[in-house]
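First comes the structure, then the notes that go with it.
In this document, chain identifiers A, B, C and D correspond to the written order of the chains, with residue numbering beginning at 1 in each.
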């Protein structure tokens, strides 16, 4: 359990993290930030640097994206989580964000983990999509060893033979990680399923399994997103999701953590 | 949606199916049956024929097990679900049970599926642990093609690289199967995780994901079970599970199906 | 090591098994049989009963196929391997074939294995595409336990996340199975890769890994095949494959088994 | 096809790369270098920086290892391949090696790939154990895009459900990569299988499948290795492997590339 400002992770109500996959431009990022804030969200996601399978795909707004993060943070007061892809840009990312995200492809990038551990910043560490739970726990140890204990472990799906979903969301990881570590556990139903139509039921399932939070992709117009639109919720669907979360809260609340 | 007696599958409250993995002897089977009935369960599981990886492992009580099923059914009035492993014993299994279970290794045993379809009995069809959702749906078509529409689709975990759990419970399959078919969807958190300590959180997650029921292994003394003891709940843990389910019911009830 | 007639499995030169995936009609089956015989093949494959994912796909010529097998066997003197899908048709299949094939979906159909073991006929047991090597070895034990020791273990690929091939051919299984058992090991490069353009290099690799034989799909016109055409070799490509095998023989021959 | 000095990759005889997993000390590294050179090897592997799952495992000799590489290179004239784990140590690694190795965990470390591409040094790029062939090919594009075309693609096994081997060596990748790219293809039978007793048959299979080379772990005393000893060959076993390779050469030689 730890807090950043008045947002508490790992105790009390689950934390909803929401925002676009990639920051595309000022209008898109501000629109999402204001909408999710209006719905009660206090932590905003959104990537300036995007690791992409192909060198020819959109790689993020990069420095321009960091500048937009700074503006949105000032304008809304939302906590910011954004990805640091490498050691070169780590300092610049650190300056603008409240939580450094380590992406699924970098979970076993131990050189990066060591440096991120040294920053002292809270970290949202995504599980490698081909990493066992034991490997995931050991990756977090790279951060702990540098003295950084403010870690959010994020289950985001593993690669399997199933093709109906992008990856297979492994919700058994939620209670397992809570047995094996003391770090709060976040679930990303958007990247794991890769389908907007599964995000709401998988959010319900994640919270019922005991997750300390979820991370949701939201976009004003998912069909026009530069990245991962098919799994993003539009504002109406995100409203439904928040209604579901609110309906579930009394059940989850019975003892602090379910 | 369909009903067997007054037990409705696919509408209203989720159905809890419980019982031992294998029927081991009269005392064990009756004890479990009475305990789960006392806790509100109306459908009893328990195998007389057990497909085992090794020919030298316990293969079930077989005919003697069927006779015990008959006795327990008469004594308790519980609905019975039990596995038919092959066409030779299918008729005998049909005589004593209310729902024929097709195990994970037989999901693609199309000759068996055709005969089971012809019996007209309700079927609980387990997903092959290496079957895609599309293959699972098509396996059910083998039953439908014979005129049998009373099918429960049971997600029971898929084989992945993760070794902390026996299989990876694929809860995304729950909303997907409900989009793709009209069959009620049951989740088996016992076989999928292979760990008793994950059964309660995964039951919560399954129901929150929209499952129409769960199937739970219960044993008076899991450590002495002849088969799969490590994942069975003892009576105390099963009591906790039922308390959780009952606490969750008002949330699930909002619209018939969540 | 065992022999059927003068064909020796598990010692000396590797055995090439070839033929169509499914027997489609007299012309197709005879044409393939004569062509592969002309190229030196002495064991003919070809299915009369086909387990298919969808109940609406071509299910094989069935009894008519068995009749064609009888005719081809008489006309050519080739040894016949064909699949038995279930216990109902097992006797009829046994009557016409020299080697009973158990398909990948039936590797864990223990009821069928027991009956096949009792027939005393040689068996080509395909690895389940979801089976570990240990499970594969134990499935063969079901046959051995009934007194049947004439078993060919067939590696045919396992299901993984890779999508460029239908399955991932696991050639490490070849030396492993030879360490763990005394049964000859056959490799099926056609079904595993699902691509005709990989069959020749994977045949070379299988034999170099120590396989006692390979099983190859051949079709007069792969693009018109009713089943699995994309992975079948036409006559010209099969000729190339046999040339490769013959070139490799001196290397393989150094000590009976490489 | 490209050459470094008089070692040609992608044409003519396959290239055998051999050496220890990790450089442990002067004696061990020199002993292996001299032995493999004596057996005809011209490219020496051996890591100074080791990415390890646990932060508490041996992380390599690091700078001291680079110094030993320099000495061995001067003393033996062998070409050196060694891993660059991160951008911080990339320059130092580049100074002492002839080929930069990018490890399996870094295949999708696109920031590192871009910098490695800019060095202009030949690269041995290992397939991520979780990467599809398409993703592997696209990772190489990150190097090509920086103007670096001297790339060796190294198949080193993928993660599957099989537990008898550490990973599943995917030899179908060899012909596939040769169809999809012009880069030479190397196979690592040591890391993929994780078992010394499978290295020789899998080397044979890899070369027969058309690999342009193999990379083999050799250690004077595998049981005392600090890292991956179970899969290393001792000098006697490595001698056998070289004998096998030499016996196979005439078969492989028929047309430049098999």
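For this structure, a couple of remarks:
One rule holds for everything that comes next: a residue touches a chain if its C-beta (ideal position, glycine included) is under 8 Å from a C-beta of that chain, and two chains touch if they have at least 3 such contacts.
Because the structure is predicted, anything quoted here is derived from the model rather than measured.
Any chain that touches subunit B and also touches subunit C is listed here: A, D. Least-squares overlay of CA atoms from subunit A onto subunit C yields a rotation of 180° to the nearest 5.
For subunit C, the chain with the farthest CA centroid is A. The centroid of the Cα atoms in subunit B and the matching centroid in subunit D are 48 Å apart. Note on chain placement: the centre of subunit A and the centre of subunit B lie 35 Å apart, centres being C-alpha means. Of all residues in subunit C, those that touch two or more other chains are 130, 159-161, 163. Residues 159-161, 163 of subunit B touch subunit D in their complex.
Interface residues of subunit C, counted against subunit B in their complex, comprise 51-56, 85-88, 105-106, 108-112, 128-130, 135, 138-139, 141-142, 145, 159. Subunit C makes touch with subunit D in their complex at residues 130, 132-134, 158, 160-165, 168-172, 174-176, 179, 192-193, 197-198, 201-202, 204-210, 247-248, 251, 254, 258.
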